[in-house]
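Paired with chain B in one complex and with chain C in the other, chain A is shared by the two complexes that follow.
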Partner chain A sequence: MPLDTSTYNLALLRVDGRRWNELRQQKGQLGVQPSADGSAYLEMGNTKIQCIITGPNERDTKSTSSASTAPTSHGLGATVAVSIMIAPFATVDRKRRGRNDKRLQEMQTTIASGLAATVQGQSYGPRSTIHISLNVLSQDGSLLACLINAASLALVDAGVPMTDYLVACTAGSTSSYAAADEEADPLLDLNTQEEQELPFLTLATLGATDKVVAMVCESRVQLTRLEGMMATAADGCKGVRDFLDGVVRDKGELMVQEGAIGRGEVVSSMDLD
Partner chain B sequence: MSSTSQHLLLSPAELAYLHGSLSLITPGPIRPDGRSPTQFRPLTAETGILPGTNGSARICFADGTEAVVGVKAEVEKTPVPPYEFVASTEGRKGHSSAPKKSSRKSKKTTTEDEEISMDVDEDDEEAAGVNEKARVSPDWVELSVEIPGLRDDDSGTVFLTSMLTEALLADGEFVKKLWINRRFHWKLYLDIILISPPLSYPLPLLSLTTHLALLATRLPRLKSEADEDPMFDDDWAAATFLYPRQDTTSAKASNKSPKQPSAAAAAAPASRPPITLLVMAVGDNIIFDPSKEELAVADSAVAVSVAEGPSSETEPESESIPATSTKRNLHLLSVRTIDPPSRLTPPGVPNSVNAAAWGTMTAATPTTTTAATAPANESGAAKHPDARVTETEDVVGVWKAPRGGAKFGMLGAMVAKVLERGGVAEEVLDGLEGVDLT
Partner chain C sequence: MPITILQPSLAPPAKLRDADSDSDSEGGADLEGDIAMGRPAKRARTQDSSIMTPGEIITDDPQWMRGHGTYVIPGASSNTILSSVAGTLAKTNKLLSVRPLRARYTPEIGDLVVGRIVEVQAKRWRVDVGGTLLAQLPLSAINLPGGIQRRRTETDELQIRTFFSEGELLVAEVQQLYNDGAAVLHTRSLKYGKLRNGVFMSVTGTGGGGGVVRARRQAFTLDISGTDEVSGSEKIDVLLGVNGYIWISKHIEGEGAAAETSGPGITRIEESVGLNVYSSQNDIIPVDTMREIARVRGVVTALVENGLRVDEEMVTKGYAEAVEMAKEERDSADTLWLGGERGKRLANALVGR
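After this line comes the complex of A and B, so read on.
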């Protein structure tokens, strides 16, 4: 279903009522799965993801057969294995996707190599694997970005050392043809409707810095707009990083309140950054 | 074979200890987690977690296993064989709203005959509607199970899928709810996802989650009539539950006209989707909802599917007793034996006959005379008649895998224990009733 983008120029409001640089509503939760080594639940708009982390443990070739793997610390550290499962009921029309779906494989590889760049895996040794399994329960745009954010949140819950959060965000452009170059606005955090209509890219940065870890763009974009889109996405990544950090701090607060950790130790370690 | 065989790091001695404590008779079985034999693991449940589905549920067992079920419905055309289609259009003439013009034309010519034929047609229609409802297909339900780390075509996954499907389709009542009209039906997709790694045999978890998701499933309200192309109410608040609420009086009122095809879902009596319970036997003890460790020493394991039919209104006693205490009308749908992993664990061998422990000769020779006459180089325990006897006998503290299938008496007792009044099935259904359906 094509999106009527012409209305954007009238009020500068998008189909869901956001302005160009607004993120969708986000909701995050840490430690949702008590039996896992680490877990997180993340909602960005209507995209809902649950991430389960098993490990680091000894490499199990059987369970990682369909997962994409990437070694950390130049092959000296633990391997990051990512497998994505999209629930058949995640999309509006039910659609069953096989595990060897090429698009899924590509996303898995992107996430695995992106996380391998931030995970300090040398403390585990090269024969261990951190298995990240991502369950997509509901899908409404910015899937890759959401998966990256959920994985990074769950890694924090699992206590895997990382240099910073790996955060990702999408950015698009309001028009897809060259003539409208002047009035084209970059858009942040697209939903499915916008993704189907507009050119967009997914950008993953290391925390709030401008260090780009991964960038995926599968649509035709005017070269002149690329820079604006990347800048917008990087801004979005900052917002996402703040949000994820908030989730982690809230969880820490909660653990202190519940008496799981003493107050002093937590506060001192959290004030380090 | 099912996927109950998982890596379990218990030694033969530990298995024997577990088996011993579970088969105790005088104080009853002592379970590792301190539960009573009929007690379930505590669980947290919620429904309506995914607004994009027709119904969804999530259950988390206390041991950390978690499952999510999403139900999606699509309208599908029912394939009608050509000769039946002709018959049905003839029967429909003069009755349904579409061919009104033709009936008006015929009114000019005949008035009384028309009336009579209308009545006859209506009867035909009703009879046809009943026949049509009987002509439902189990293909209208599609169920898929996703277990992390296992392939889609893994035998365990396939077995679980077919067991849950079987329970759903066993009494043939469920597919009737999906009937829209002669030409269309709902196709229901049930997608079951185990989120956590399979820590215990996930059958009860998946079954209970499916049960809740089906209870929470709603289908849009039908606006069109008879055999028209179906039109549905846009208002989700007006959507009807697949399993109508028990407390709503409208469901009971419409009970009297169950032949009305348009109100198929609403007219269905207050029943509930099936549940499948895992029951196992150790010695003479029957244990419900076994954990992985308990299942490892089971003599036999059985999956019992139970459904709740309409609460029996023929019984006079139900009038006096308040609605909450009326007994449930449970009926058995299916029983499946499950291969417990204990069949796959090799039996422990006492040292006295274990050739690897150099026990064959030294232990056997002083006690028996036949062994003394045997030549010393014939050391295999299999060749030794006495050693074979000791191998098949029970030795205290040595794990021995059960042999043979479940005993008939035990199977009967297990099923009876599920179905009995105030039994486990009722308890589980009562517990699930407490879940807020949104």
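After this line comes the complex of A and C, so read on.
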């Protein structure tokens, strides 16, 4: 169903009532699967992801042959293995995907190499593997971005050292490629409806910095619009990082309150003689 | 046993975090004032929080040294120390480290661990101890049956599976660490060796918000003769592996992994290391003992589920409390199950809340 984008120019409101630079509502939870080494649940709008982490451990990777792997620390650190499972009920039309769906494999590779650049795996040694299993429970746009964010959150829960959160966000442009509209506004965090009609890209950055770790753009768009889209996406990444950070802090504070972990100390230069 | 149907209780409220979905914006279509609402609260929270998260700057004072869970940006001239995990800050003199909220077990020399053999090689076993890498147990680091002291020959290598084979459980001590963090184990003490007559369970490792903590004593014996169902004096051995693997078994006088106190010295080792130390055959265990083993297991599960630490004191107190609870509910069919509401009651009684 094509999206009627003409209304956007009248009210500057998108189909779901957001403005151009608003993220969808996000919900996040850590440690949803206590028996796993790390786990997280993340919602960005109606895209819902559960991520389970096993490892780092030293087990043969034969059982997860469909996973995409990438080594950390230039081959000196642990390997990151990512596998994505999309539930048959995740989309409106119920369909089953094969294990070697090429689109899925490409997403797996992108996530694996992105995370491998962020994880500090040298303390684990090259023989260990971090298995990241991502389950898509509901799919409504920005899938790759949401998968990256969920994996990032679960890695923090697993206690794997990382340079920063790897956060991702999508950005689009208000008119199609054919319209050749140089003045088109960028849009942040697209849903399925918008993704189907408008050109968009997914951008992953290292935390709140402007360091781009991964960028995926599968649609045709004029080069002049690209910069605006990237800037918007990078801005969205900052918002996502704030959110993920808040989830982790809330969980940590709860654990401190309950006495599960000791209170942390505070660095101040006063303490030094 | 009759089937009881428990009244369903409400699931605990999921701690989902909602966020105002506003992103930074200068101008655009945002209305005046509506982005400012979430802000002040967010700032205040970050300031008084003692939790460090990945990428957070801990200090840029050059006097501090960086420890575990921290990093410096390579190549940067500044001495900024950043956190690489989510956790609490710990200071040791001038060393700064971040203890993660949760992490896998990292072996340290001297740790008492429970492990499972996953692979048998020519001169060594590979043991799963719940760490990031498999630990190894060399053939030369075990006691031979009968306690004979001699070099390990090819005959021993050919018979390696008579000592330990795949899937078997053992208790050992970390003897040595490699650079990559892999551990080398040894069982050269009467306290260590193959495990039988009991039940294995695993809880999340160190820093797991609860879980097993490194303590003075990891192995101890519980007296179960206090429960009036048990006839005679029976005891249970509890082995709390530092790696979060736990073994609960029937106590056998004079042997067993938990025989911590004044065992025979190294000189008399020949007499005491019996020929059956590598037996995989369970002894006959009375039903009463089995039930109490299951109760101890329930106590540990309840401790973990309620985020309490698992150590000798908590398990001993928890077991006594569970026995009391069982006495009160004599008429109820199942007193062993300590999950859900009952587990919470047990935990509350233990911490006195």
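Note that the second predicted complex is superposed on the first by the 256 of 273 C-alpha atoms of A that agree within 3 Å, B and C clash if a C-alpha of one lies under 4 Å from a C-alpha of the other, contacts with A are read in each partner's own complex, and residues count from 1 in each chain.
Methods note: a residue touches a chain if its C-beta (ideal position, glycine included) is under 8 Å from a C-beta of that chain, and two chains touch if they have at least 3 such contacts.
Here the structure is a predicted model, which means the values were calculated and not measured.
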| item | value |
| --- | --- |
| Contacts of A:120 with chain B and chain C, given as first, second, both or neither | second |
| Chain B versus chain C as contact partner of A:236, first or second or both or neither | second |
| Contacts of A:157 with chain B and chain C, given as first, second, both or neither | second |
| First (chain B), second (chain C), both or neither touched by A:188 | second |
| Partner chain(s) touched by A:85 [first = chain B, second = chain C, both, neither] | first |
| First (chain B), second (chain C), both or neither touched by A:137 | first |
| Chain B versus chain C as contact partner of A:54, first or second or both or neither | first |
| Partner chain(s) touched by A:172 [first = chain B, second = chain C, both, neither] | neither |
| Chain A: partner with more touched residues, chain B or chain C | C |
| First, second, both or neither for A:33, with chain B first and chain C second | first |
| Chain B/chain C common contact set on chain A | 34-35 |
| Footprint of chain A on chain B - complex, ascending | 49-53, 56, 60, 63-66, 68, 70-72, 74, 144, 146, 148-149, 151-152, 189, 191, 193, 195-197, 199 |
| In the complex, chain C residues that touch chain A | 14-19, 21-25, 28-30, 42, 45-46, 49-55, 58-59, 61, 63-64, 69, 71, 82, 84-91, 94, 96, 99-104, 131-134, 180-182, 204, 207, 209-210, 305, 307-308, 351 |
| Chain B-touching residues of chain A, taken from the complex the two chains share | 33-36, 46, 48, 50, 52, 54, 62-63, 83, 85, 87-94, 96, 98-99, 133, 135, 137-138 |
| Contact set on chain A toward chain C in their complex | 12, 18-29, 31, 34-35, 37-38, 55-58, 78, 120, 123-128, 156-165, 188, 206-208, 235-236, 238-239, 242-243, 245-256, 258-267, 269, 271-272 |
